[in-house]
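Written out below as structure tokens is the structure these notes cover.
The chains carry the letters A, B, C and D, assigned in the order they are written, with residues numbered from 1 in each.
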Amino acid sequence: MKEITVLSFGAVADILGQSNLKLSNLSSTDELMQQLEKEYPALKNIPYAIAVNKQLVTGSASLEHNAIVALLPPFSGG
Amino acid sequence: MKEITVLSFGAVADILGQSNLKLSNLSSTDELMQQLEKEYPALKNIPYAIAVNKQLVTGSASLEHNAIVALLPPFSGG
Amino acid sequence: MEKKLKNIFVRGPVAAAFIADSIQKHSTQTGIGAHSIFLGQVRNDVVNGKTVTAIDYTTYEEMALEQMHGIREAIFEKYELTCMHVYHSLGTVKAGEISLFVFTSAKHRKPAIAACEEVVERIKKELPVWGKEVFEDTTYQWKENHP
Amino acid sequence: MEKKLKNIFVRGPVAAAFIADSIQKHSTQTGIGAHSIFLGQVRNDVVNGKTVTAIDYTTYEEMALEQMHGIREAIFEKYELTCMHVYHSLGTVKAGEISLFVFTSAKHRKPAIAACEEVVERIKKELPVWGKEVFEDTTYQWKENHP
């Protein structure tokens, strides 16, 4: 069974109510986002980027077993 | 009698062998330079700027009584 | 990942004494002619009548250190630097305290100054770090960086 | 001259502890978000086989302070700064020690960084200060600034 880890930060973690989720049987980041936005509609209203295994992705990316997907609201370090 | 003070710094002071000279009866910076370069020929070989009463002058400037003339080799602070 | 990534994160604020120590350590490197330092300090901004008392910083550390590694390599490629040090706070940093310390050194001033500025810009833009601006009444808002 | 000119000159090197104190003092100014610092450090350059051990700085102080006053006014006119501090050494500063400390602070990083760089450039170009590079054998040469 294909498992992935979803890490969330900042405002995204506030919406999800947790910063670390384990999910199964998702083949792409698009599919993941659809599922999350259905469960947490407030996600649709905030900007965030997606990293898979610490690399930012644009568009949809396929997810391997054990992929780590990070949901990254706009950075505000410094 | 018209008196002026000549301050010199850095490489110019090295050539003049002193940093503070009192001179009389010089009406312009050109006249002053001619006199100094005659007495200290090495002055002709180094670059320097001239300030009269702390203001840089270009070309020849007339000298009032009590004028302070400064001979300024290239700055190298910092 | 096999590569050893340099840590940049420190718990809480960067102390002035720590900055002094960093400067002092460079006195043995007598080929250095110029240091450029940037310090980010937490402001007590007022938002809708409420004052920011602190920023609470979090990061995605594994990714941030990889990003920083890439920035460091690009900066050393681009500028003739002797050395570069970066420290970023995690956790609570109160208004008036320092949360970012970027320190570049070079033989001549131009590379030191240009590298420092570029590192600061890239840190703000590229590092997955988030600042939570905490108000007096313990409510908060997520910080947005000024462009 | 009636105007009161701020002094910038210090005897000997600028100590790291002095820099730390200056930074620390700004922690009460909680409207500041960014500090930019430039430090000039004496290099032990080798010239014709002889090593520079120290620089001996002299100035035409009255003129230098007037020039610096003008620079300060122009910088505050041009950039949104909270404050600016400049310290330049006079007398002997050994290799590895600091001879120039420029410190600008602002709400946002861009004015702090740009002002600091501009002040450094103007100091090097416009202040009547001379550095005598002294070698191990006590001979010397007059320093020339790198453009």
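By our rule, contacts are C-beta pairs under 8 Å (C-beta built on N, C-alpha and C of every residue); 3 or more make two chains touch, one makes a residue touch a chain.
Keep in mind the model is a prediction, meaning the values are calculated, not measured.
Common neighbours of chain A and chain D under the contact rule above are C.
Shared contacts of chain B and chain D, meaning chains that touch the two of them, come down to nothing at all. Taking each chain's centre as the average of its CA atoms, chain B and chain C sit 49 Å apart. Taking the mean of the C-alpha atoms as each chain's centre, chain C and chain D sit 23 Å apart.
Inter-chain spacing, taken between the CA centroids of chain A and chain B, is 73 Å.
Distance between chain A and chain C, defined via averaged C-alpha coordinates, is recorded as 27 Å.
Multi-chain contact residues of chain D, defined as those touching 2 or more other chains: 40, 109, 120. Within chain B, contacts with two or more other chains are made by residues 78.
Applying the touch definition to every pair of chains gives A-C, B-D, C-D. Listed in rising order, the residues of chain A touching chain C in the complex are 7, 9-11, 51, 54, 70, 72-78. Contact residues on chain C toward chain D in their complex (touch as defined above): 16-17, 19-21, 23-24, 26-44, 95-98, 105, 107-109, 113, 116-117, 120, 146.
Residue ranges of chain D in contact with chain B, taken from their complex: 40, 57-60, 62-63, 66, 88, 99-100, 120, 123-132, 142-145.
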